[in-house]
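Encoded as structure tokens, here's the structure I'll be asking about.
Per-chain numbering from 1; labels A, B, C, D and E assigned in written order.
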Amino acid sequence: MTVVQFSLLASALFSIGIYGVLVRRNAIMVLLAVELMLSAVAVNLVAFGAFWQDRLASGQIFALFVIAVGAAEVGIGLAIVLLVFRNRSTANVDELDLMKW
Amino acid sequence: MIHALNALVAAEEAHVAEHSDGGWLAAGAWTLVVVPLVAAAIIIFVGKRLPRKGWELAWAAMGYVGVYGVALFIANASSGIVYEQSFEIARMGSFAIEWGWVVDGLSITLYTLVGVVGFAVFTYAKGYMEGEIRYTFFFGAFTFFAGAMLVLVSAPNMLQLIVGWELVGVASYLLIGHYWEDKENSNAAMKAFLVNKVADVGLIIGVIVIAATVGSLRFTDVLEAAAVGDSALADVAVAGGILLFIGAMGKSAQFPFHVWLPDAMAGPTPVSSLMHAATMVTAGVYLVGRMFPFYEGMAEDVRPLIIAVGVITLFAMGLIAMVQDDIKKVLAYSTLSQLGYMTAAMGAGAYTAGMFHLFTHAFFKGLLFLVAGSVIHGVHSNNMSDMGGLRKLMPKTYWTWIVGTLALMGIFPLSGFFSKDEILAQFSHGGETLALIVAVGGAFITAFYMTRATLLTFWGEYKGSAHPDESPNIMTRPLIGLAVLSAVAGFANVPGVYDGFTEWITTRGQAILEYHPDGIDFGIAAIGLAVGLAGIYAGWVLFSKDRATQRERDSFEVPVLYRLLRNKYYIDDLYAVGLVNPIKGPIARFVNWTNQAILDGIVNAAGIMVKGLGTFVYGFDQRGLDFGINAAGFSAGEAGETLRHSQTGKVQQYAAALFVGMALLVAGFMIFN
Amino acid sequence: MTFGDWAGEPGNWVFAVLAVVMIAGALRVVTSRNVVHAVLFLVATLAGSAGIFLLLGAEFVAWTVVLVSIGAVVVLFLFGIMITRAPLGYDTALDHERRWPAALIALAIFGLMAGSVLAYFEDIEVNEGIVRSSDLGTSIFERFVIPFEVVSFLLLAALIGGIVLARRDPEPEEVEAA
Amino acid sequence: MGWFDSGWGLSLTVFLPLVGAAVVMLIPRAQEQLVKQAALAFALASFAASVLVGFRFDYGVSGFQLDTNLSWISAINSNFHVGVDGISLPMLILSTLITVLAIIYSWNHWPEPHNPKAFLVLILLLATGMAGTFVALDLVLFFIFFELVLLPMYFMIGIWGDRTRIKLAVFNREVETRLYAAIKFFLFTLFGSAFMLLGFIALNARGGSFDIVELSEMGRAGVFAGSFGFWVFAALFIGFAVKVPMWPFHTWLPDAHTAAPTVGSVLLAAILLKLGSYGFIRISLPILPEEAQNWAPAIAILAVIAIIYGSLACLAQTDMKRLIAFSSVGHMGFVMLGIATLTEVGINAAVIGMVAHGVITGMLFFLAGSMQHRYHTREMARLGGNLKLMPILGGMLGFTAMASLGLPGLAGFWGEFMALFGSFNPLDGLSLGVFRTAMVIGAIGTILTAGYMLWMLQKVNLGEPNAEWSGKEFHDVDRYEWFAWAPLLVGIVAIGVFPKIVFGATDGTVEALVRTAFGG
Amino acid sequence: MIDYHALAPELILGGTLVVVLVLDVLPVPKWYTAVAGLTGLVAAAVPLLSLALLESDDRFMFGDSYVVDDFALVLKGLFIVTGFIALLLSVSYVESDRYYQGEFYFLLLSSVLGAVVMASARDLITIFIGLELVSAPGFLLAGWRKGDARSNEAALKYFVIGVLSAAILAFGMSLVYGVTGEVTFSGIAAASVGLSDEPVMILAVLFVLGGFGFKVAAVPFHFWAPDTYEGAPTPVAAYLSVGSKAAGFVGLLTMCYLAFSGLRDIWGPAIWILAALSMTIGNLIALRQTNVIRLLGYSSIAHGGFILVPFAMAASFDAIELGDAFSATVTYLLIYAFMNMGAFAVAMAIARKVGSVEMDQWSGLFTYAPGLATLQAVFFFSLAGIPPFAGWFAKFVMFRAVLGDSGNTWGVVLAVIAAINAVVAFFYYAKIIKASWMDPVPESVATQDAKRIELAPTLGLAMGITAIAVVAVGILPQLLAFFGDAARAIALGG
């Protein structure tokens, strides 16, 4: 196993996440894509951690924190989506254009 | 010329050494300047509360100047005097700016002239100005006028000269424009000021050129440098000389700067009188006289120019005087012509003759103007076509006029004869044949137009509507006084007989290197007298018959020449059309336009550009890819709202921009690093 | 390193399978026209990543992913979908019309990342880690105690804030001007 | 008086108005009389302090006096270093004097919308900025004071300024004059001072100090020579040239002067413009002497263009204030010409020109303001015959106009004459051709100056009054106006007759400046 | 052994969070929570002082991953002051119970806590988590006006862009970790020497930069800012534009100077570009704004650009110049914090009076509320950098730092761009001032009513504190320059 293959996998996941963020209209779908990106980061971190044989396991710990942060973000995101939905009856991000010039 | 005159230097130096230092009288001569100026200030501020509305103060001040001048004259008549005192009013390193007064033959002559003629004029003015508007202010300004002239005359340095020079100008502006309710009068005042100002530029630059080269503003230093042949000064001598002379041309109204003087008749007549006699127009001649050793030595190359200007002026202006209807204008052009004599004389190296003519001219021209004023006072018109027959109605006025006229014509034994003759003799001696011929012709013209004016004014039938009467004593007495002086002043300098004036006027800090005739050149004198008489005869022939209208009376009329003369050779029009109007009109407007439209336009356009850029960037910022794609013309569907909603969301645009920015940065760095 | 070397290592085959599953899942997550399906594909991808972690010897992380991401986050997503009444069936309007620019951007970034990573790491081997859970604990509580505490505040804040925002207020509040 | 000489004197002069502003702010708006009295008291105190500075000043010494140097911003090595020398002293006294006069004049001349409290606070702030600029010997301090004057003036123009609408070139819309003028004034000056600041910082980067005295010594030693110096001079040039203003950076001036309320115009013309030319003398010349010599011909050319351009533009004006404003462009051209000669005579001329222009143009704006106050118009076409309706006011106008056109014997003459004098013999090494041509053109400019001034007088003062004023009562110069104007009128005569009032202070300093900076 | 003195501010803030939550559920008046929060902030500032005054040594903890030095203390002070003022603003804003006061304060304080942690964080994990704690409550607070669709929208936009940048940042950090094998900054610095030509390092550094760039709203990562500020409750906008932004700068500063000290060739030019873009685009767009809050949003983008300027030339700086750049940035941040908080405060106050943040509604403010108009002028001119208000000094040190000692051409170019931008910026600040000082009162504003509306004392206090700070620092910049100077040591010691 080479470190680069994990990193390439992470890059692919991350890029797919980017695509998802850019094309999805539904806010929840956007969140899904973000989740993909974060998991890509986690893959990277763990792979690098293994690569460096880090005694402090910084990579894994970082990955754990990223996962935790991801969870928190999803919680926050869904709350906001709900809020928007309650007021606007839609969860589509492209319909947010109250503040345009 | 310098070499020719070097021989005279020794003798002249001995002469210079004789003079006295003047004592307390010279040391106190500063009061000559200060008294009129202070009096003027007092009159302007509180004159109205004085019993005679300020006139008394003005009169007293002029009296003081006159008495003081005469006293200086008498006290030093025998020995001559050179006294100079300066006080520093500013200093820049080694370069001092000073204020002071000079008392020598030249300046005392002018003090006396200003004082005596001024005193007469001020006395007269009391009667003349009675009941006129701004009476008090008039005397304030008038006193200031005289004071300013005295500042000029008393100047031991060129800067003070400039100060007096311009103050005279502004005083004349105030006086000429005295009746400023009429636009014509204020125009005349402006014209006087501006024409002078143009010439002053020459003076100022000339002074700068000379003073900066010599390192001092004092006349004595400059003349000293000129005398020892300072090489730096020699380099700029001609330029400096011409520039100074341009200044002199302005004040002394030499062609082509003469245009202001006839218009200056817009002022009250006493003003004209003083202006033409002792103050203002004499300043130019005075300056050339003051700088005479310079013109005679280092800057001698300027002399032909001076002669030429003088000669042109004396002849051309005399011609115009022949066709004037306004009596004051006749006198005005006559003054121009006489100033031409003086200038030409200076140019020809005849310092004494020129100054002597200035001296005599002051009396009879002052007189003539006062007489004209007296006439105008009675007739309420300036035009000779409204006069005639006043000989009987105003006898004192008439007889004094005759004295003045004959003096002006140069009829023996009146003063004009001697001074004019001396100039002619100097031309003759100096080999200035052309100048001599023109000057003689000028004498004929002078006699002619004065005869014309005399006949039209005092002879024949009265044609006006007012009821003229002899003027009050307060006006006629000064006339008589001046008439006496005009009659006898010529005897102050009769070559070979009595050369007191020569002695006097050449008593200076610097030697005056000129030729002094040993006696009267009778040949020249005879020609002069004959020409004068011929002029009188010609005038008599043409104008003795009382004609009804002006046109008929000008029966010598030669159509083209007449129109040319009536229009003053179109010089005024030329200035107006060629210079003043374009500058005031299109050029000024163009400059203003460049300011408003171009410079401001650039500024405003920059503002608009920034704002426009703001709009554009904001549009791109807010609509991101859509905006970019639409702007680039790739838009597939209908532009507008629908596109915005369906194609991409705002948040995603933000995100896209974020990633695009990221990607570009990264790629850029990878490529360029 | 030749393909043979690579193929000779069993872990690589495991990796290959997991990678294919993950990428396929991820692609379906972002392209699926059915929201519920998209969430399920996310589960697949996350599970794949757990597999990768196991492969790398990061057991604790792997099970955390299963518990937290798959167990909690995905459920949250499903709740969210249901509450916002997202269309449960196929929905063609799920995406924007402009996919190609997005794909281009994603591809470009992938290219940059892949290229630079390849250029640097080339074919350096990576081995199964030696980290045990107890090591993790020690490390967290000795070295990374501050982020740990901070994350707890983060979760608390997310919880409290989420509740406030998501709860339905008794009556519509007055809209106050800025 | 030791305490006074060791910095307190200058500090009092500079900061008393600031204290005054604070005090005035605390007085309730309703107590108008008290507000005015307090403002006047502080302005007078500041003026008194500056006069005392003048008495304590040793005119035989060329260095900085009554100075102090306290740590201010040690992080950037910038100090509260103030002091006066012969160049700054006249400007300092002039600025405090004009402030006092402005407040006196304001006593009963309130532009709309009234509010004396705010107005006086602004004047006092302005006073601090002006006085401070003239005593600052630290670049940062200088910059602060230099900028400090912007805000009050901005508000003064913007709030109390002219409300007529003008159409803007290029912009396709109309806007109130005051708004356009205020922002234009500010943006121009800010633009200039931003570059000036860059220049200051560059000097500090190279010289390691913000102290003008130290930097001057380094400048003489050639520390800032070469292209570095060129660019720094360019940056400073933009800053100062905008403020002077030199052609073609002058376009803010006519608008600002015209739109400002009377007192604002007076302060602008009398003091604010001088900050720029003072900056040249105080900073650009001594610190960058070599570059000053390289730039001098360009400055001279621009100065001469300004003289002619300003005068010609004057001839096309119909608005009296705007005419006076444009005349400032020309007059400051003479000041800059004097500076460009880099000679003792020229720089002396510049300083006296600054003082004289301050006194004269200040007075002209006072008069124009008072006329507007009475006639409610500035259109010269409508104003004719003023001398008849108000002889004293008209007389003063005539007098001041004469002073403005450079009549010898009055203050305006010296600046013009000596500047021309200086440019005949500029510093050795400067192009004689350029400077002598400049001298001739400048001298011709004086004719145009006389032309438009007389023309203005003719239109405004002379002739019969316009029919529209018949039957209207015009009160001639009132008490407050007398108080406010008399010092200026006296000053015009005094400086004109006895220029040593100014030269006596400046000469030694200028001589030292020229000698040390240019060896001339 | 944990150094409790060094951690005291964090501990006190954490305690305060708990107290606020507890008070919120107890049956006591809601304003108790605010008082508790304010008290907690003040209390947290006390150990800062004691640390600064009593202890001269820097404290390194947790394997150098958490450091309390002068830099950290100064920045912590900044965050606490910002939090204090934001809280003051909030008190008057969230008066009604509907606003969930307790929770609001809790979130605000936790964000402050995150920022305080960031100031000391010296490893990737801590700084990432700290940044998330700063951001996450921000997402929530932005949507706090639940009934207002704009507020919802602001929250959603902020959130989406926020998590994206978090992902980018995390990915960048993962690459850094991958290349160096270290998470502490000192370790990364040691391991990354000579790697500045590696594409992967470029990618990593720029991703990290991008992540923080979002936080500081640098162009092109700025898009969320104006929308969010406009929609979010104003105190939140104020906090986001200052506290959260400053946190981003702290991250950027420490990462760049400490972790990437050997990679200046990468981040220096990148920041040059970001700075130039942010200044120019922020200012240009701000020109077109009519909504004051939105305008402040763009203006804060431009200020972000100005703050970045001193970094930009880091690649060519020597140690002393680096120190100058560092202290310039910190000084700018400190001054910016006061003036921008003040500007938001005064905007809130005026909005309370006239009921709008549209510029034309503010017209004629001077005639009926001269005090507010004066304060407004003070803050906005300070933002424009006009002496004697503090803003000038911020710009001054910025210019000074970028020009450096040598006057590098690119530095001069950037300085000129900054100078022109400073002029452009004045235009839009002046536009607001013009409206409220020079324009007539619009008919829609009832001045009598406006006069009668009382402002909350807390709002007054906030304006007072900031105004005094802005004027005092403007006249005696040394007051703040001292702190900036103190912070420079970090760049020198590295």
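In the analysis below, a residue touches a chain if its C-beta (ideal position, glycine included) is under 8 Å from a C-beta of that chain, and two chains touch if they have at least 3 such contacts.
Computed from a predicted structure; not experimentally measured.
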Remotest chain, chain D as reference, centres from CA atoms: C
Centre-to-centre distance between chain B and chain A (centres being mean Cα positions), rounded to whole Å: 94
For chain A paired with chain D, centre-to-centre distance based on mean C-alpha positions, whole Å: 64
Chain centre separation (chain A, chain C; CA means) in Å: 6
Cα-centroid distance, chain D relative to chain E, in whole angstrom: 41
Of all residues in chain E, the ones touching two or more other chains: 63, 125, 128-129, 132, 136, 139-140, 143, 146-147, 155-157, 160, 164, 175, 178, 199, 202-203, 227, 230, 288, 427
For chain C, residues contacting two or more additional chains: 96, 98, 101-102, 105-106, 109, 112-113, 116-117, 121, 143-144, 147, 151, 154, 158, 161-162, 165
Touching two or more other chains - residue numbers and ranges from chain A: 3, 7, 14, 17-18, 21-23, 25, 30-31, 47, 49, 51, 54, 56, 58, 61, 65, 69, 72-73, 76, 79-81, 83, 93-94, 96, 101
Which chain pairs touch, all of them: A-B, A-C, A-E, B-C, B-D, B-E, C-E, D-E
Of chain C, residues touching chain B in the complex: 96-98, 101-102, 105-106, 108-109, 112, 116
Residue ranges of chain C touching chain A (in the complex, touch as defined): 1, 6, 9, 11-12, 15, 19, 22-23, 26-27, 29-30, 35, 38-39, 42, 45-46, 49, 52-53, 55-58, 60-61, 64-65, 68-69, 72-73, 76-77, 79-81, 83-86, 93-96, 98-99, 101-103, 105-107, 109-110, 113-114, 117-118, 121-131, 135-136, 139-140, 143-144, 147, 151, 154-155, 158-159, 161-163, 165-166, 168
Complex interface listing, chain A residues touching chain E: 3, 7, 10, 14, 17, 21, 27, 30-31, 34, 37-38, 40-41, 44-45, 47-49, 51-52, 54, 56, 58-59, 61-62, 65-66, 69, 72-73, 76-77, 79-81, 83-84, 87-88, 93, 96, 98-99, 101
Footprint of chain C on chain B - complex, ascending: 625, 646-649, 652, 656, 659-660, 662-663, 666-667, 670
Of chain B, residues touching chain E in the complex: 610-611, 613-615, 617-618, 621, 650-651, 653-655, 657-658, 660-662, 665-666, 669-670, 673
